[in-house]
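By written order: A, B, C and D. Residues from 1 in each chain.
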Amino acid sequence: MRENRVIHLEKNVDIKDPIMIVGLPGVGHVGKLVAEHLVEELTSIKLIEIYSPHFPPQILVDENSEIRMVNNEIYVCKAEKHDLLILIGDHQSNTTNGHYELCGLYLDLAEEMGVKTIYTLGGFPTGQLTHIDEVLGAVSRAEMKSRLEEIGVQFKPNEPGGGIVGASGLMLGLCKLRGIDAACLMGMTSGYIVDPKSAQSLLKVICKLFDLDIDAGPLEERAKEMEKIVARLKEYEQQQQQQSQIMPEIGTGEEDLRYIG
Amino acid sequence: MRENRVIHLEKNVDIKDPIMIVGLPGVGHVGKLVAEHLVEELTSIKLIEIYSPHFPPQILVDENSEIRMVNNEIYVCKAEKHDLLILIGDHQSNTTNGHYELCGLYLDLAEEMGVKTIYTLGGFPTGQLTHIDEVLGAVSRAEMKSRLEEIGVQFKPNEPGGGIVGASGLMLGLCKLRGIDAACLMGMTSGYIVDPKSAQSLLKVICKLFDLDIDAGPLEERAKEMEKIVARLKEYEQQQQQQSQIMPEIGTGEEDLRYIG
Amino acid sequence: MRENRVIHLEKNVDIKDPIMIVGLPGVGHVGKLVAEHLVEELTSIKLIEIYSPHFPPQILVDENSEIRMVNNEIYVCKAEKHDLLILIGDHQSNTTNGHYELCGLYLDLAEEMGVKTIYTLGGFPTGQLTHIDEVLGAVSRAEMKSRLEEIGVQFKPNEPGGGIVGASGLMLGLCKLRGIDAACLMGMTSGYIVDPKSAQSLLKVICKLFDLDIDAGPLEERAKEMEKIVARLKEYEQQQQQQSQIMPEIGTGEEDLRYIG
Amino acid sequence: MRENRVIHLEKNVDIKDPIMIVGLPGVGHVGKLVAEHLVEELTSIKLIEIYSPHFPPQILVDENSEIRMVNNEIYVCKAEKHDLLILIGDHQSNTTNGHYELCGLYLDLAEEMGVKTIYTLGGFPTGQLTHIDEVLGAVSRAEMKSRLEEIGVQFKPNEPGGGIVGASGLMLGLCKLRGIDAACLMGMTSGYIVDPKSAQSLLKVICKLFDLDIDAGPLEERAKEMEKIVARLKEYEQQQQQQSQIMPEIGTGEEDLRYIG
């Protein structure tokens, strides 16, 4: 298997004015949690499976001990005004070149299905364990901002300062080159753990954006479990701070110091 | 040498209703030990040598100081009802893409020879030095389980939790896409050392599966040598535990915490 | 996106006897700082954008939260005798092969535009935090040295001892194979931090080379900010030296010890 | 530059019954030192330069500050009975696939020039700083051993136990597949430093093999310099041993423990 393999499962589904939502694994798995939650809670049909030699050589085992190869998948979910094409997956590409190849492939598929706008979902790493109920945005075209600001998305100049790495960023970049409208919506998250609480914040914004009424219950439950772990991490962090000798803080907040060798 | 090279050594061997067994290096070398043991103990003919630019650039030296390039090899072994095609080798692919390419190649060869079922052999890492006499299974199709349960293979929902990585996993995944029946059989092993004891457990299951009567003697001897080393490792482990400060245990057993950044 | 993508933005710009200047990210970002400063201070037109699957899969966010994909860009700047084609960028290639491919592409573009001489700008890592106001040179053809020595460039036998790694080196090597005159000009820099002070030294040389009269003000300001950080780093370094046990110094300055395994 | 580039410098050199000697950088740079010494001491003509996108993106600077791209080169040296084609270079391939591609290319060139036997030179890492005046051999065909034993080459069953990695190993492997006679000759060396003393041992064997009378003076001088450094390293090693807590020695000398995960 030297090439990506795209398997179309349903060929006769009628797709109405579709918008693509991308939720692949990434910082805090925030985007993945939200996108998978949408697929579970909405009426959804799996349209496409994508296998690739750029994914890790790995299989996953289900509750019946039956396996499947790691992949990315596209579902269609029926929403009010638009159909949502939701891209989820087990992994992002394992290689630099593979990222470009796969994101290009996803956009080819999106364009074939008539997609004109794409939202990629992700996490913004704050480095802080305390939850911030905010969603940060970045857009391929400045005109997209006002609609998103109306539903509560924050825009901050030059943020994230280190840019956006991986599929949720690259998809936006490739969209811009192709003239497709695209925005990245990021839940605030520590960056240390899977973060269903940040996913809840992001889900609220998505629901407003598409007039959806979705039960956040399962995410809430996972968030509660996670809070216990966060509490222990905070405790550990405090201990460490008391013990450690402090390195002089160099260049904090000073953009010019970011140094790529 | 830019491409894989397949050398057919014996072209006129009659192969009867063949089943493929894959035992490449991996966790505890359990699969490799069992597959090599089968090749040694059964009447076997080497059919195919596979060389690849995805293998490490390495040669091995034999007892006569004669060298050979690292490779993978397929033997045919005459068993009761089926001929066994046994794939063994010095290494797995060095690269992600190479894994997909080579596993695809192995399946091409298997299909050419009429293989309809494949068993990949591996180790399941327990993280514990104490031996567990169990074999865990995963299958490409749930219907395969009952036959394997009869001969003592255990099936546990969603286990291994992290999936199966490398050729023994990927072969199953690719088999499923091609509609070939495949199962992975894993001996329990610490994951720290080569484990002939785990290989003995796995060999017992293989013997039942194919009505084979094979001397486990050489594996037993190696297992005995290994036990001395395991004893010393356990001792060292205990010392370390007494000395080390204990990190708070975060998320043990909690699936949700597995985090791929 | 499997291939590099070259976007020509301005096709009708008249280019007069052009010389190429390359300032990509590297040691101390010295070359990047100088090249970007030239683009900002001179009348400049962006000619070309280059996107590549060998760059990291990353986008950057501007002050309006609008994104762009990481890239390399070529500007034309009108100078006295020559037009300057200035190559700047966010990143160098992520892969070994990509370095060769991209540098080859840059030279194809340069040759199409009639470039006969190329200067690559970089930093020479001294390992010392104290600033040295010197510019070191290396050339594709020894005859190039006298002109550069006149304007203050230093040439030292076999320096840098480890050669020059990355685009600023490779471009010179490929130029030599194609018969294009090329020199690398390196500001002295610690190698630990972004170094606008070293960039000032290098800028002075560039101004002499092309009879340019450029305000170094913005670089000076950044240099002043940086000095505070350097002061703190020096302090920290001293503390560390007092605390640390000293490894015997092996082979300092002895060329023969450089050992590539 | 996406492909390897072979530049033939001398096309009309008459080559008589040639034997190839390969001395690329590797363990202790033993092979490189010997091969370069042969090129310097014998009447030699540079025939071929090889550039490759698999080499590091790097240039080297000479005593006149003139640069050249890292490469591999083939010289012809006139010896008694045979012409020697000596392959030397700055680097081996940076990538796994590149190793296979380049070694294949070297053999294509060798075969074009009529080479029927190849000797690759390398170092055998002992892990001990004390010099051992021995040369270890490995061969593509057992019949080659007797001639080499006559001139003092040692052959030890299954040594080196970990095989031979890199070009000096892979060339032998590829020779075997093509039916070319090949041997690897290894000087004993610590594996920690460049080792001109080991190179002297290996040079002696090469001189006997080809009836050469070569001044080992320059190697001797470098060996003397090196001895001072070795003395200091030994001192440092002793200090460390006295201070360090001793990890239990696990599996030393026990072949079965070599574990490739």
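Worth a mention:
We take it that a residue touches a chain if its C-beta (ideal position, glycine included) is under 8 Å from a C-beta of that chain, and two chains touch if they have at least 3 such contacts.
By chain, with names taken from UniProt: A, B, C, D = TIGR00162 family protein.
Note that the coordinates shown come from a computational prediction; the quantities given were computed from them, not determined experimentally.
The chains that touch both chain C and chain D are none; no such chain exists.
Steps from chain B to chain D, taking the shortest chain of touch contacts, total 1. Taken over every residue number at the interface, the positions common to chain A and chain C amount to under half, indicating a different-residue contact.
In this assembly, the C-alpha centroid of chain A lies 50 Å from the C-alpha centroid of chain D. Distance between chain centres (mean CA atoms), chain A to chain B: 35 Å. Counting partner chains per residue, chain A shows two or more touched chains at no residue at all. Chain contacts in this assembly form a single closed ring in which each chain touches exactly two others.
Contacting chain pairs (ordered by label): A-B, A-C, B-D, C-D. On the chain B side of its complex with chain A, the touching residues are 93, 96-97, 99-101, 103-104, 137-142, 145, 155-161, 163-167, 169-170, 172-174, 176-177, 184, 247-248, 250-251, 254, 256-261.
Interface of chain A with chain B (complex): residues 1-2, 5, 25-27, 29, 51, 53-70, 91, 94-95, 193-194, 196, 222, 225-226, 229, 232-233, 235-236.
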